[in-house]
Amino acid sequence: MDQQRWQKLLEWPLALAAVAFLIAYSWQVIGNLSGPPAVVAETIIWTTWALFLVDYLVNLSLAPQRFKWFYTHLLDLAIVILPMLRPLRLLRLVTILAVLQRTAGAAFRGRVIMYVAGASALLVWVAALAVLDAERGNDGSIQDFGQGLWWAFVTITTVGYGDYFPVTPTGQLVAVGVMIGGIALIGVVTATLASWIVEKVGAANDAEQVATKAHIDELIREVRSLREELKRD
Amino acid sequence: MDQQRWQKLLEWPLALAAVAFLIAYSWQVIGNLSGPPAVVAETIIWTTWALFLVDYLVNLSLAPQRFKWFYTHLLDLAIVILPMLRPLRLLRLVTILAVLQRTAGAAFRGRVIMYVAGASALLVWVAALAVLDAERGNDGSIQDFGQGLWWAFVTITTVGYGDYFPVTPTGQLVAVGVMIGGIALIGVVTATLASWIVEKVGAANDAEQVATKAHIDELIREVRSLREELKRD
Amino acid sequence: MDQQRWQKLLEWPLALAAVAFLIAYSWQVIGNLSGPPAVVAETIIWTTWALFLVDYLVNLSLAPQRFKWFYTHLLDLAIVILPMLRPLRLLRLVTILAVLQRTAGAAFRGRVIMYVAGASALLVWVAALAVLDAERGNDGSIQDFGQGLWWAFVTITTVGYGDYFPVTPTGQLVAVGVMIGGIALIGVVTATLASWIVEKVGAANDAEQVATKAHIDELIREVRSLREELKRD
Amino acid sequence: MDQQRWQKLLEWPLALAAVAFLIAYSWQVIGNLSGPPAVVAETIIWTTWALFLVDYLVNLSLAPQRFKWFYTHLLDLAIVILPMLRPLRLLRLVTILAVLQRTAGAAFRGRVIMYVAGASALLVWVAALAVLDAERGNDGSIQDFGQGLWWAFVTITTVGYGDYFPVTPTGQLVAVGVMIGGIALIGVVTATLASWIVEKVGAANDAEQVATKAHIDELIREVRSLREELKRD
């Protein structure tokens, strides 16, 4: 069995495991579980972890150039080893989005907008969970999920009131992730708008429109017909 | 009567209803009304609601593909049903702006700037009203309209001093709307400037100017005259 | 005497008056003057005001279409009438920058960067003066010029720590101006960088370079030489 | 010996001196040294300073147009003279990055992203050191390196919670540098994304693709073959 076939086989199971992890993790953190429910949630989380670990090890053993694969997939290793990076398992969901999009076949700009909206929403949700998980029980101001969500929104938009902020190292690491996500969010929104405005401004004045391949093709047809006329002479 | 005629008929009445709603809502919240004035303001707000409800129901019944229309107009349903989303009725005013612009016939960039300036001003005003409506009487720091306006400016520009911030869920929902508006504001301002600078940089050096349809058309004329000369031979 | 000649005549005196105003205003606010120095500073400020008033009135009387000029120069009227808008007299300095630039003849992007750097520095300085002028003696946290400058930097970059913020309506109006300046600053910086990167990316791969007028001109020369060869036959 | 040969000779020693300075400075500030280690760190810092001073003086004496070189290298003078600007010696490391990149030969956009990531990380690290150096022992809230790093991240992303902020003039100067770095960071991220999206949107629809030099070259080949056919006749 080669690596590509394994990856194709595991694409959907891993995406589903990521969803299962998201649900169990949300339930565990929001519900602040104890007793049997805590055991159930923990079991699901450990099971998804086992699946990711197996996937990592099989990929490593099947890779044609094992050392190169290891070197270029250090993030995957970190996600499997460090419990703190557990939420990054959700990166697997990017695969689902890709599948959804391949079906829809919309324009690139529309695709970018959907990705960004989806990724931002997921980032806000997961950051709220992770920050609450890190901060609860400490001196920090974030003590329930509503506060976590509000804090994540205030941070990703780079507003930063300062009414809530993390005080533990783990919480601050989550915050740095959300801030970088915020810079990326502003960047993608602006870039998509810029691409749209540049296009619209170009389209407004027909003569000042940027020359496209279609225009050049028209010209080439013109020259070719000239050539054929010459041949007929 | 078909749906298009109904929509054309209701375009201006709904825009006027949105303005009437804006005035009544501003009066109600800023004046912190009680007694007869409160009744008058409430009556205007309920009347505009009734108009929006009738418009929604008529549109639903006239739509050729009723289920598709329902599915693609879930926001309209939410605006009619949820009192919290009442301020979104002002989205109707976008229609007025469109009409104003159709008359002016200015360039696309000018249009975008006017839209953004108008929409930002409206968003700041309405957010100040909505946040004051939600926060007044609670523990929060926003207790008069001046504070609401100041908070809305500090938030939409993503500065976020933290001297005023909402503490109620409704107020925080309004804040999320303003923050998203702020990201969009930065995006549109930047994108418009980028489109302008790209154009100016291109125009500065004649030879390095991007080839436009006009240039290609000049070339096509050249080739055609060559063809005609050949025919004359 | 027509309006154009008057404007050409007054261009430099008004720019100098703006500089004189800037110095006197800076001295007055930073020095927190009293006694004779206060009188001197006040006199300079009132003299520059008189010059701006005379310029406004003469322009109004010389304008060919008086009402149109009045309507399109409401900002000039506001600057002359409202003492609060006095710092806007510095907009006159934009003229100096324009003169400096006409001499240098640099590329458009360089021009934009110089303008933005100059305008941002001036905005930070003037905002620090204006906010200190409004806040000093009130409950607010901004009580000396260093705090004003620090606040202006924190605001124009949209960081907004919240350690200092204005509490008077005038101070908050100044703050709104600085925030809008901050949005514009981010926009211009980003747009200039975008224009530069788009150009560099295009230039990196010769074949994928965007077609320019120079390329089209090369083609036109090619076709013309073909035409001449045909004539010679 | 001419200036160019000197600069080529000193390129690597100065970069290494910058790295040595970074390590010694980090050790000194984070370790809050005293006794022999403090002497070692101080010695390294003074040695790198001496190297930079010698380089400045030799460059000045070797420059063909001494006054012009002096005038266009005021920043180098400031870095050598003002102890406060010591961290700017790290600008030398930009040379290393350039060398790394020349080897890799990646596309321009990739290069920009690597530069920005590297420069941002360095800026955050150095700013955390510099602000801690300035603030420690004062009333300010930043008293250990972790707080400095957290503050630098919160500032460069323009979030600005306000939980930590500098209170000394030197610390605030560092903060202004980080804020300007933040604006530049947002700008570069957005601009790179914009360039990428503009390209992708253009590539999606073949006919609406912007005309490139490759398309024009195809046309020129077409016209030339036409010309050759005519000659053969």
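Order of writing sets the chain letters: A, B, C and D. Residues in each chain are counted from 1.
To be clear about the criterion, contacts are C-beta pairs under 8 Å (C-beta built on N, C-alpha and C of every residue); 3 or more make two chains touch, one makes a residue touch a chain.
What you are looking at is a predicted structure, and each value in this text was computed from that prediction instead of being measured.
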From the options A-B, A-C or B-D, the pair that copies C-D, where over half of the contact pairs coincide: A-B
Angle of rotation relating subunit A to subunit D [CA atoms, steps of 5 degrees]: 90
Cα centroid separation between subunit B and subunit C, in whole Å? 29
Could you please state the distance in Å, as a whole number, between where the Cα atoms of subunit A are centred and where those of subunit C are centred? 40
Where in subunit C do residues touch at least two different other chains? 158-162, 186, 190-192, 194, 198, 210-212, 215-216, 219, 223, 226, 230
Among line, ring, star, complete and other, which one matches the pattern of chain touches? complete
List of subunit B residues in touch with subunit A within their complex: 107-109, 112, 155, 158-162, 165, 169, 172, 175-176, 179-180, 182-184, 186-188, 190-192, 194-195, 198-199, 210-217, 219-220, 223-224, 226-227, 230-231
Mind pulling up the subunit A residues that touch subunit C in the complex? 158-162, 190-191, 194, 210-211, 216
Complex contacts: residues of subunit B adjacent to subunit C: 146, 150, 153-154, 157-163, 185-186, 189-194, 196-198, 200-201, 204, 206-212, 215-216, 218-219, 222-223, 225-226, 229-230, 233
